[in-house]
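Paired with chain B in one complex and with chain C in the other, chain A is shared by the two complexes that follow.
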Partner chain A sequence: MTTDASAISAAAPSPNASGGPARSLRRSFRFGDAMLGLVCRGSAAIIALMLGALVLVLLTSAMPAIKQFGLGFLVSSEWRVNELERPLKDAAGQVVMEDGEIVMETIKPAFGALPVIYGTAMSSLIALAIAVPLSFGAALFLVRVAPTLRIAGPLSFLIEFLAAIPSLAYGIWGLFVLAPFLQSHVGPAIKATLENVPGLRWMFYESVTIAGTVVERPIPITGRDMLCGSLVLAIMILPIVTSVSRDVLKAVPRTQIEGTLALGATWWQSCVAMLRYGRSGLFGAVMLGLARAAGETMAITMVIGNNNQINPSPFAPAQTMASLLANEFAEASEGLHQASLLYVALVLLVMSLLFNVIARRLVVGKASPAGH
Partner chain B sequence: MSIIQRAAWVSAVGVSVVVGGGASTAQASEVRLGGAGATFPAPLYTKWVSEYEKVEPGIKIDYRSIGSGGGVKAITDKTVAFGASDAPLTKKEIEAMGGEDKIVQFPAVIGGVVPAYNLPGLSQPLNFSGDVLADIFMGKISTWDDPRLQELNSGVSLPKLAITPAFRTDGSGTTHVFTSYLATQSLAFKGEIGAGKQVKWPLGQGGKGNEGVAAVIQQTAGSIGYIEQNYAVANKIAYGAVKNKAGKFIIATPETMSVAGEGAATTLKGTVLRADIWDQPGDKTYPISAFTYIIVYKDLSNLKTDAEAKALVGFLNWAISGGQKFATDMDYAPLSSGVKTAVDTALSGLSHNGKPIK
Partner chain C sequence: MPASMTHPHSHPQPGSDSRSDARPEARPEVAVRAPSALPRGGPASAYPIIDAIKRGETPTPRIHDSVRAEPVILAVNNFQLWYGQSKALHGITMPVAKGKVTALIGPSGCGKSTLLRSVNRLNDLIEGVRVEGSIDLNGNSVYARGVDVIDLRKRLGMVFQKPNPFPMSIFENVVYALRISGERNKKALADACEKALRQAALWDEVKDRLKASAMGLSGGQQQRLCIARAIVSEPEVLLLDEPCSALDPIATLRIEELIHEISSRYTVLIVTHNMQQAARVSDYTAFMYLGRLVEYGRTADLFQVPQLRETEDYVTGRFG
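Then we have the complex of A and B:
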């Protein structure tokens, strides 16, 4: 009895003390592994499903417009929601009369996305042209100069803080501060300087067709135009591009920098080498900026002037795909108008996807293996 | 489309379930009603709701200003007790709601669209005419010192300043009224730009909503835009007089807009009342006036209880009688007596599940 009991009691704790916890630990590991695997696979699947569902919903909802306009939608610049009724004209341009009465023709609503595609591409490109050099400069400063001055911490915080400001705040600032300033100071100054420079007349004058005759008229400088929209976009993408570029440059191995310096590179040459080394990462930063610029809605709607037109002048109002949707979607009636807006959304989605894929192939494909 | 509709429907049902649940836990005698639609009369409707709660404390009405298009959608889907729209229902919309004999549509109040502008240093209101406004918005008249504008405003020194037209980018009753009026004044405008809730403007700056256009006008010297009269008053934006059919230059006021409605009173017949009251005859008529409408089902079976139906009818009848005095205070034009009679007749036929409402 006693021996049995002691044998049991002696035998019992031993597996508990050594093998027991280990086994239960292993079991919980297995369970955790399974759970983690499930969660990871599920999350990945959900992301893919979400994108798929998004494309599917856009595609089915835009179908009436896709059927009606096809790919011609992308190159047509007419965006007219209402029907027109006007006198029918024959081939010679004469008004057709029948029994002494003018024959009227009804012109159906027409939708084309070219002006908004132009507006999105142009405003994003100008924004990138302004923001990218500044961002790279700021990132280089943060990585190579600021640490020696002991201001890298506060500066980094400031940039991350800027990145977190809601876009509406930028829009309101653009509308109430930047636009009036551009209207009263910058625009007139540029006009006074460049107006008489040969070849730049298109910046300040537009040709409009009014009732069949072409008239040239000055573009009123209102402050809410392509220039203002691009500037606000540039300011908005500056923090995100800077902060990602800084992280990329930070990841450049110290040996690389020291190597360039050891080979006798100047500070400038060493920085260029650093940028070259991180080019695929830096490209990623630019892509993030482009994505934010192309998709930006509220701020751009407030400052770009909202006119569906293609005008090369930076002082002319324009419209982007996102601002068109913001302006019209809430009040869009059923039918072709709504379908056309969803078609625009689909184009925006596909365009950003395509651009990303192509650009990534172009640059990442050539990047050095160490670059990523 | 259908997916979006369904999503909207599901969310609306979800909301109404939540609201319904909340109501049942509140006082048993309390009746809750929902309305949605036009933004233009929203300040007045909100005032009506709060004033009516003083008259009938047990009735709570919630008006959401989501736009005329949204209002028509909501009443068609029966997610609200009443819809509100600046433009009358189209034939298609009437069909979608079940036909003309199933609907009551009536004008609730009158509003006017004014040409508002930003010309610093100008004290008196400018004079405009329909064809001059049409040519300004088409770009034919591009500076303020244009001889045709000067001719209407003799004695005023107009600046040599470029005109920047400002327009609505969203579909709106305001655009519908303004373009419909201009289309009657200029054949070229009718053929080039046309009339509708949303049109393609050849030049100028777009703004979303009355507030968007107002912002463009306030910030841009030399701009001219079209906004609701009470919006211009509330934001202290200068606006001009418009030449009416009788050749008189008239400033939009509750009185001059109300007169425009009276001219159309005899044409209001049946239960789906509609009348275009721009360009009406009469010496004192403001030419760019329009009704804004409330839309309900003739048989209020979209409401669950008799009490709800009774409450809605009570509110609507009060709005066109006792409520009208708040219109003038808030710079809307009240319905004139002839129009009110037609609305009374249309409202008298309302029922709930076939039973007349006492």
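Then we have the complex of A and C:
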């Protein structure tokens, strides 16, 4: 058989046999290819241009605020939209009187992003703390258990479906279902259990200065607070973190899992080994979740309570960068207020870009640690 | 395939000087026999056993008396395995000699890996796998009801076709089996690590970088690391599934030497598709075909005076 085949191939003259005219290897110009190349390059350029334009517009319109506050903007917690008049006090703290009238001083509007940076970071971190263990668990289930039960397909579909639900739907659910439930059941229950635990008083009481004296008063539990916002965020990022983690865990080579099992690892120990193998990809999944949580606007605005102040209590209303923009941008007068809001938007954009870049590098660039 | 070969130890080997004294016993020089002058018949009539197997029958395997004389560590008894509807192992009956190296040879897809993975029940993970018959490890039934599979696997070591170091340090790789069993004593772990690495002939190369990632080792080093990892808890049987198929010739020779050395301490069951390798490293060889055991005997006998024409023609490369 071998002899036959070689005889045939030797007998049949191949088109490139040395006897024939040599074909030119020079590249010939093809119009279609050139056009398609142009279109593709153009499309790619448009994406880069859009991002550049976005940053540029934000930068120029935020310029007044950048000039005025500089980087101090990031650590200041003042947010006064309007001019304020208040009695002038002297060094001793006495109100200054002149001709029987109280001397007033005007305080200029001031803007600082610390409360919203805090609100964004805190709500995102709590959301991650809730969502990441659940997502990893669900991803392990999808990869290790669901296939044997033949439900991996439907479950995966459900998770992708959850990711596609508009955030407004989550917000409405949070506002009309979750927040009232937290207000009537969860909040009071937690308060009843933890109120008298030493060191946890800050969760339920806040100190305020009223007429010069500091009083401690209970934080009203409204259900629309940091806790509710974080929970809604956690639910919203669950699908994306789960589906990326599932893909990462699916890519763990079978020999790795079998390697641990052959050494006597339990089911759980082999799962830990899988998580360890995919750790950089999983970290990327977490980063993607973080980027999504930090940028989420509609749902969080509806449930976080929108109070531009730093309060460590999970039962206090808070504000995130995105919810601040959603709340104030429509009514902001041109000038410093608007510029400050755009400054916040710029900070948010840069943060989200950073998270995304890190996530991408970890998930795509370093998919397998075997590359070392 | 070359018609004959010489024993690797008759050549100077890289690094062989440090190890040559560790050989347990001199193995008889085994050469793959040149095709004999026996007349070859037509393809259908010359191989009655293969023909019967192809018809779906399970002929009685030819097991040499030399095998039966050995103390048995692993007893495979009328073992059958199905992947869903398709049957991969047909009534395998095969005693494995204690303290010896036993090689499984046969064409690709004949069920060598399946049999190996049946011993430590790695096939349990595959959906639709069903077994019948029994495998006994030192008299304990492997497939009996109530067997703790985790404990069973701790009594066995396994090395895979492709090196599969875990993405952690060399040290942590070696002591993984001890860690997951709950060993915390630093001294015990360090001692076990050194011992296993020495037995795997890797200690001198890595002793200064135990904390470095195992991923940075060469392929051959990684495979020796996997062997160290498999022997750290002193398994009763070491299962090797084509451990050299992903390695270059030099690394292959080192692993083969290593198998010689550790065979003084452990029972080794090795799958190989390389006949010379089986001849070089093993005391006993089993020839499998389409999920059946065909002939099983001392390696020297199987390669030089096989009782079946099928075996003879397979080991000389005329068929299969």
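Before moving on, here are some points about what is shown:
In this text, the second predicted complex is superposed on the first by the 309 of 372 C-alpha atoms of A that agree within 3 Å, B and C clash if a C-alpha of one lies under 4 Å from a C-alpha of the other, contacts with A are read in each partner's own complex, and residues count from 1 in each chain.
Going forward, a contact is a pair of C-beta atoms (placed from the backbone, for glycine too) under 8 Å apart; a residue touches a chain by one contact, two chains touch by 3 or more.
Computed from a predicted model, the values in this text were never measured in an experiment.
Partners chain B and chain C fit side by side in the overlay (superposition on chain A). When the two structures are aligned on the shared chain, A:263 is found in touch with chain C, with no touch to chain B. With both structures placed on the common chain, the touch criterion links A:306 to chain B but leaves chain C unconnected.
In the superposition on chain A, contact of A:277 is made with chain C only, not with chain B.
In the superposition on chain A, A:64 makes contact with chain B only, not with chain C. More residues of chain A are touched by B (comparison of chain B with chain C). Put simply, chain B and chain C get as close as 50 Å, counting only Cα atoms, in the superposed view. Residue ranges on chain C touching chain A, taken from their complex, read 120, 122, 125, 127, 150-151, 153-154, 156-158, 160-162, 164, 166-168, 176-177, 180-181, 213, 215-216, 226, 229-230, 233.
Those residues of chain A whose C-beta lies close enough to touch chain B in the complex are 57, 60-61, 64, 78-87, 175, 179-180, 183, 206, 208, 210-211, 215, 217-218, 220, 222-224, 301, 305-309, 317, 319, 326-328, 330-335, 338-339.
Here chain A touches chain C in the complex through residues 147-148, 253, 255-256, 258-266, 269, 273, 276-277, 279, 369-370, 372, going by the rule given at the top. Listing the residues of chain B that touch chain A in their complex gives 1-4, 66-70, 73, 138-140, 142, 162-164, 169-172, 179, 187-188, 190-208, 215-216, 219-220, 222-223.
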